[in-house]
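Next, two complexes with chain A in common: one pairs it with chain B, the other with chain C.
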Partner chain A sequence: MKARVLLFARLKDLAGVSEAEVEIGEGLTAADVFRLLQGLYPGLASYDAPLAYAVNARYVSPEHPVRDGDEVAFIPPVSGGGTCTSR
Partner chain B sequence: MAVNVYIPTPFRKLAGNQAYVQAEGQTVQEVLEHLARRYPGLATMVFDQDRRIQAHINVYLNSQEIHSLQGPDTPVRDGDEVAVIPALAGGQVLTPEQVMRYSRHIIMPQVGPVGQRKLMAARVLVVGAGGLGGPAALYLALAGVGTIGIVDFDVVDLSNLQRQVLHQNDDVGKPKTQSAKETLLAYNPDVNVVLHEAPLTSDNAMDIIPQYDIVINGADNFTTRYLVNDACYFARKPLVDAAILMFDAQLTVFVPGQGCYRCLFPSPPPPGAVPNCAEAGVLGALTGVIGSLQAIEAMKLILGIGEPMVGRLLLYDALSGEFRVVKVRRDPKCPLCGDDPTITELIDYEGFCGAPFPGRDEA
Partner chain C sequence: MHIEVTAEPLDPQRAVELVRRDDAGAVVVFLGVVRDHNLGRRVLYLEYDAYPEMARRVMRELAEEAMGRWPIVDVAVLHRIGHLEVGETSLLVAVSSPHRAEAFDAAHWLVDRLKERAPIWKKEVFEGGEEWIEGELPSPR
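Here is the complex of A and B:
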C-alpha cells in the first residue's frame, strides 16, 4: 500500500521535501502516517506543534484511516500577517 | 418563486441584521409585500399608505432598476436578487465622478450600479495595517468601500517597507494607522477611514468588531488570531482569514456557524514553536497576492457574487507556484462553534496562547 504525502509550510523545510510517496501498512490513520514520516525524515522528528490533516483534499481528523492511493496533506498553523510586530 | 432580497446597511436593523433575506412572490411587488409582512419595520420604509413603493426607494432586479423593466409588476424567477436601495442624503446616488471612477466595476453586470452602492454602503474592518492588511485595505479603498476600519497599535519601521504598501519612506516612525489613512485617502478621498489605534484585546474586540459587516484578518500572531476568530463568531461577522510565512500562505473565509479557525486548529502551538515573520522572514510580494485575495473575498461577500472561500482552505506555495485547495468543514466537537461549545464568551487569549498581545505591554 502506498500513500502520496504533501508537506506544507515549515514541515516542507524540516523534511527537505514537499511531497513523497511512502509505503504504508494496513489500518494506519492520518496521524500514524505523520509518525511514519517522522521516522523517515529526521528533521520532522522534533515537530510538536498542532497539525491539520487532509486526505484527498478534504480536511479530516487525525484518526481518519488512510487507504492505498490516498493523498495525505499535513498542514501546520501559520500566524504571520506580514506586520511582524512581535517583540 | 423564492428570491434573495438585499437589505442595505441603513435598513438592516429592521430585518434582523441580515444583509440578505429570502422572500417569495411572482412579481417584485409581491416579493416586497411578503418581506413587509415578515418585517413590519421595513414596510413603512419601503411602502407608502397605498402600498406603493416610496418614491425615494430604488428597487433593482438582478442589478437592473425595475422602471427600466416592468416596474413593480416585473416578474421574478427563483434565485433572482432584488435590492432595495434608499436614496439617502450623503451620496447614496452615484455622482458623475463616482460613475467615472468606478466605471470598470460598474460596467460588469455582477457589480453594476447596485453593486457599487453595496460597496459604498459596506463597512469592513482590517485587523493590522501591515503586509496583508495593506493591500487588502488598499483595494477596498480603490473599490470605494464606504467605511474601512483599521486596527493597529504599531509605528512604521524601516523593516516594514519591504512589503507594507500603505507606508512609505517618510512614514517611518509614524503610527501605522495614521500612515494607512493618509495613503488610502490619497488614493480615494471618497472613502471613510476609521482608526482604532490600539492593540485588539478581549477588552475592546466586542466594541470594535460589531461596528462592521466583515472582518479581514491580517494579524501576525496566534493570540490575536484566536481572539479575532472568537470575536467574529460571537458578533456573527464573516471573517476573511489569511496567514503567511516565508513563501507559504493560507487563506479561507469563516462564516459563523459554518466552521471557524478552531475547527482547523483547536489549540495554538506552544510559544516559539512556530516562527513568525520577524524570525523567519516573508517574501514581500506574497503579502500582496494574499492581501489582494482577501480584498477579493470581502468584495464577493459584499456583492453576494461567486463562491466565497467558505469551507475551503487555500494553500499557496510561492516557490513551487502551486495553489491547492483543501475542503474544510465545521467540527461538531469544536469548542467554539460545535454542538456543545465550552467557549461561550471571549477568554484570556494571552493565557490560552502563552503569549501576550503584541503592544499590550509597551511602555
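Here is the complex of A and C:
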C-alpha cells in the first residue's frame, strides 16, 4: 500500500521535502503515518508543536485510517490572512 | 460565489465587481495586509505557503456556510500566496447583501473562520531572522 504525503510550512523545512510517496502497512492511522515519516526524515523528529491531519483534502482526526492511494497532509497550526490580529 | 488562491496580486475593485448586484445595497470589503512589524520585530516581507486544493475547499465550505447563515447575495474570498511585501494584500473578502448589517457580520465571521481553518501559512522574514508563524490548530468537524 502506498500513500502520498504532503508537508507544509515548518514541517517542509524540517523534512527538506514537501511531498513523498511512502509505503504504508495495513491499518495505519494518520498519526501513525506521521511517526513513520519521523523515521524517514529525522528532521521531523524535533517537531513538537500541535499537528492537524487531512486525508484527501479534508480535516480528519489523528485516528483516521489511511488507505491505499490516500493523500495525507500534515497541517501545522495555520496562519493565513494578513498580519492583522483580533486584538 | 468566487474563490481563489493565487500568486497574483489581489485587486479590491475586481472583488467588488464580482459580488456587486442590483439587489444588494451593501458591499463590505475586507483586506488583510502585510504589516511592517510583528512581535516587536521589523518585518521585511512574508512568504505564504498553502495546500491550494484544500484551501479552496475550506474557503468554499465557509462561504457556503456564511450564505446559509446570513441573507447574503454573493461572496468573494481570495487569498494570495508566495512572496508578499509590506503593504500588499494577502486576504480579500467581499460580501454583498441587501442591507449593511449582514454584510459586516458575514465578512467578520468569514475572516475569523478562514484564519482558523484555511491550510495556509506565513513565514515572517524580519531583521535578523525568519520564522513560520503558527496560529490556530484546525479541528475536524
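Methods note: the second predicted complex is superposed on the first by the 77 of 87 C-alpha atoms of A that agree within 3 Å, B and C clash if a C-alpha of one lies under 4 Å from a C-alpha of the other, contacts with A are read in each partner's own complex, and residues count from 1 in each chain.
Throughout what follows, a contact is a pair of C-beta atoms (placed from the backbone, for glycine too) under 8 Å apart; a residue touches a chain by one contact, two chains touch by 3 or more.
Nothing here was measured: the structure is a model prediction, and the numbers come from that model.
Once the two complexes are laid over each other on the shared chain, residue contacts for A:F8 go to chain B and to chain C alike.
Of the two partner chains placed by the overlay, chain B and chain C both lie in contact with A:A57. Common to the chain B and chain C contact sets on chain A are residues 6, 8-10, 12-13, 49-50, 52, 54, 57-59, 73, 75-84, 86. The part of chain B that touches chain A in the complex is made up of residues 127-134, 152-154, 159-160, 163-164, 217-222, 225, 242-246, 248-250, 264-270, 273-279, 282, 286-287, 291, 313, 315, 317, 320, 324-329, 358-359, 362. Those residues of chain A lying in contact with chain B across their complex are 6, 8-10, 12-13, 18, 48-50, 52, 54, 57-59, 73, 75-87. Residues 6, 8-10, 12-13, 49-54, 57-61, 64, 73, 75-84, 86 of chain A are the ones touching chain C in the complex.
Those residues of chain C lying in contact with chain A across their complex are 31-35, 38, 43, 46, 48-51, 53-55, 57, 79, 89-91, 111-112, 114-123, 132-141.
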